[in-house]
Every structure is written in structure tokens, then in C-alpha cells.
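Lettered A, B, C and D in written order, each chain numbered from 1.
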Amino acid sequence: MPDPIGRTRWAIAEGYIPDGSTGPAPLHSHETACVLNAGDEDADVAVTVFFADREPAGPYRVTVPARRTVHVRFDELEDPEPVPRGVEYASLIESTVPVVVQHTRLDSRQAELGLLSTIAYADR
Amino acid sequence: MPDPIGRTRWAIAEGYIPDGSTGPAPLHSHETACVLNAGDEDADVAVTVFFADREPAGPYRVTVPARRTVHVRFDELEDPEPVPRGVEYASLIESTVPVVVQHTRLDSRQAELGLLSTIAYADR
Amino acid sequence: MPDPIGRTRWAIAEGYIPDGSTGPAPLHSHETACVLNAGDEDADVAVTVFFADREPAGPYRVTVPARRTVHVRFDELEDPEPVPRGVEYASLIESTVPVVVQHTRLDSRQAELGLLSTIAYADR
Amino acid sequence: MPDPIGRTRWAIAEGYIPDGSTGPAPLHSHETACVLNAGDEDADVAVTVFFADREPAGPYRVTVPARRTVHVRFDELEDPEPVPRGVEYASLIESTVPVVVQHTRLDSRQAELGLLSTIAYADR
């Protein structure tokens, strides 16, 4: 296998976790950062979440094992604090080894089918 | 914190703000440039809007504070002039410090849920 | 104004123009390559269209004036030949000056609102 | 013709092939990697598929002839093994010559019209 594909720092500028109390019908979607680690070394990933009017939350720690892919769901991040609902956010994803990150909104009514998907921004 | 992630010049080649008079039903979506400033210095952002058949509008000035994200709604840009409705446009986003820009169309009927999202083009 | 933003060669790997005879209901969408020329020199743009089982079509010639944006609709390309309907295609977009290209599928029922949008691939 | 556009290594971090048994209604979409080979040499393409909890599958071998585009459907990959249904996956696409890759989810009810599309990540 050649050197691993990817970068070690990624950003997603758009994010939103609905607040359960804002509408009459439940929303059936959730946002994920899909992380691919195609290399032979486990990736220690740190996710920092940014907001419009408060200091960033995190870092949230996730391990993506060698030769595996992990879908990080933002609504399941709990430590050091849950990601606030009903507000816009953005995220920074830093990894100890090269990975590839894609931002996807999944529709949980349809067997995890994606609703939209965007490659994240990578810079190194 | 390491050096800030991002670039200082971005472009979005696609944009459209519906004209309220073109259809029977109100449209419930709006376009945004989601800007993440993950660094420790405030970003002074200048947005220039391009059209098919007239000179560009702007620059529109927006501040994205350090460690914050701002969703710039094109239909709320007012100074030096509102962005024309019912015509196609494109935009150039220049920042004094590195930022990350994503173009998203939001559906305001569903608690700001995105309908489509595209990473903008960055060149430096 | 600084040096113009963009690249001179872009590719869109996905495309499809429906064949009017394949379904009972008319399809109300069309594909475009949104081209932004933020510079001070007109762009002479050549579009080449690739297929699964025949030689490429084109080049189709389009001018994007200085400081203007043009939405190139693939179903309106006629010279040297119309783009075949009902088959998958991909496109290569070459410009004499730097431009930015985004691939968008528009829904013509909703005032030209985009259905999906993807930044094209640029390499120089 | 100039040197061919593209890269030789691409990654798609998000993927999902529905399991036919998970819902009452059949799903009418499928995922593809749209590959454009704009050059004058055939491309030998190897697709490796990564999962959350098992070793990667593949490589799957596909040829994209010179000056042609091929839509690789993940649900039609059979050799060395079918891609598992009902689980998340990611993919690595390696080519002997430069190509351009876009990830698209197609809706087969509407004449192969795309539902979402994302440029893949390229690194060399």
C-alpha cells in the first residue's frame, strides 16, 4: 500500500442540529462528518465545534481505526458537552494521520440515505 | 492553537435570490455563505456580487469575529445596495485573515435545514 | 483589483440531459455550468463533452465577459451539434483567462432554484 | 490536446447501498462514482471499499477508455465480492492515468437524474 491518502486538518463551515422543540413534526435527519482512514495506522481525531456567539466547544475525541471509515454524528457528541441544538455551527477536524472528510446530512427515515453531501475543506 | 485554517479569497459561481413576484407560492429558502473563522484574529470580509449583464455590486462588509462562524445571507445584504432579485449571480469573498467558506441553500420552513451545500472555490 | 481568481481548466464528471421521450411527465430541470469571470479581461471558454461510447462532442464556444457570470446550459449547446439526450456525459471546460466553475442542476419550476450544486474540479 | 486533466488517486468518504429488506418500499436510487478520462490513454481503475468494522473489499477493476466517461455503480461491483448492503462504506479510487471523479447518488425513477453530487477528494 502507498502512503495514506488525505490530510490532517479539515473544516466544515456549515452545520445545524435542529432543536426538537422548534416544530410540530419531528425532524428525521442528522449531520455527520464521514471520516475515511485508508492508512495502516489508527487516527486520533479531534473535533472542535464553532458557533456564532460563544466560544468553541470540544475538542471531542474520536478514533478511526486503520483501514476503516467512521460516521461521526454531531448530535451524538457528548463529551466535554453536548453540541447545542437549534443554532448554526461549524467544525474543525484534526487528525494525527491523513484522513478524508465529507460532510453529509442523512435522512434516517430512508435507511441512512444521504440528503446532501459536501467534501470538507482541507489545508494540510 | 496552530496557524488558522483556510484561505483569504473564495468564489461561489452559482447564486439566485428568487423574486417574490415570479410565482404564486412564496419560496421558503435563502442562500448563505457560511464563513468559519477558526483563528484568533477577527476577519474583515468583503463580498462582491457579480451578474450576467451589469457591473458587480459591493463590496459588502461583514465581520467574522475570532473563533466564530457567521452565516452571511445574500438576501440581507443592503449596503451599498440590495442584491437584485430574480437574476443569477456569483460572488467573490475576500478576507483579511484565513477563513473557510461554504455555500448553502437553507430551507427556512425546516428550522434552517440545508437543502444543498457546496464548498466554495479557494485559491490563496 | 488583484490578479483574477480561478483556474483555466475545469472538469465536471457527472452530467445527464433527460430524453423527452423516456417518461410520462416532462422533466423540469436542466444542467448548467455556472462560470464566474471576476477579472478584467473577457474569457473565451471552450466546452468539450465526453460520453460512454462515442468520441467527444465540441468544442462549444462561449464568451464570459470581464466581471460577469454566465450560466451555460448544456441543453442549449447547439454548435457543432446538440448534446445527445438520455445519455450520461462529462465535460471539460477550458478558458483563456482564470474563471471559477460550479456544476448546478436547476429546477425550472421554481424560478431557477438549484437542486444540487458541486464545485467543478480544477487543475491549473 | 494538452496533458490530461485530473489526478490518479481519489477518495469518497461517504457511501451507502440500502439493504432491500430494511423498509417496506423499494428504494429507487443507487450510488455511482462518475469517472472522466479526458486523456488519450485508457485508464485502469482500481476501487477499494472501506467499512466501519471489517477489512476493505476489493480491489474492483474497471477500465475507463481514452476520451470516455464511465459511471461506476457500487451496487454492481461483484468481483471479488459484492459490496455489502445496509452498511456505511467509503471508497478509494486509483487510476493508472489522470482521471476526474465525482460521487453522485442517482434516482432511477427519474431517468438517472442525480439527487446529490460531490467532487471526490484528490491528492495526487
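What we mean here is this: contacts are C-beta pairs under 8 Å (C-beta built on N, C-alpha and C of every residue); 3 or more make two chains touch, one makes a residue touch a chain.
In this text the structure is predicted, and so the values were computed from the model without any measurement.
Chemist: Listed by label, which chains are in contact with subunit A and with subunit B?
Modeler: none
Chemist: Same or different, please, for the subunit C to subunit D contact, judged on whether over half of the interface numbers appear on both copies.
Modeler: different
Chemist: If I superpose the C-alpha trace of subunit A onto subunit D, what rotation angle comes out, expressed in steps of 5 degrees from 0 to 180?
Modeler: 90
Chemist: Sort the other chains by how far their Cα centres are from that of subunit B and give me the top one.
Modeler: Relative to subunit B, the chain with the farthest C-alpha centre is D.
Chemist: When the C-alpha atoms of subunit C and subunit D are each averaged to a single point, how far apart are the two points in Å?
Modeler: Averaging C-alpha atoms per chain gives centres 22 Å apart.
Chemist: For subunit B and subunit D, let me know how many angstrom lie between their CA-based centres, rounded off.
Modeler: Between these chains, centre-to-centre, one finds 31 Å.
Chemist: Residues of subunit C that touch two or more other chains: which are they?
Modeler: Residue numbers touching two or more other chains: 116, 118-119.
Chemist: Just say which it is for the chain contacts: an open line, a closed ring, a star, complete, or other.
Modeler: Topology of the interface graph: a ring, with each chain touching two neighbours.
Chemist: Which bits of subunit A are touching subunit D when the two form their complex?
Modeler: 2, 5-7, 32, 34-36, 38, 67-71, 100-102, 104, 110-119, 122
Chemist: Quick one: in the complex, what on subunit C touches subunit D?
Modeler: My answer: residues 9, 11-14, 16, 18-19, 22-23, 27, 29, 48, 50-53, 55-56, 86, 88-90, 92, 103, 105, 116, 118-121, 123.
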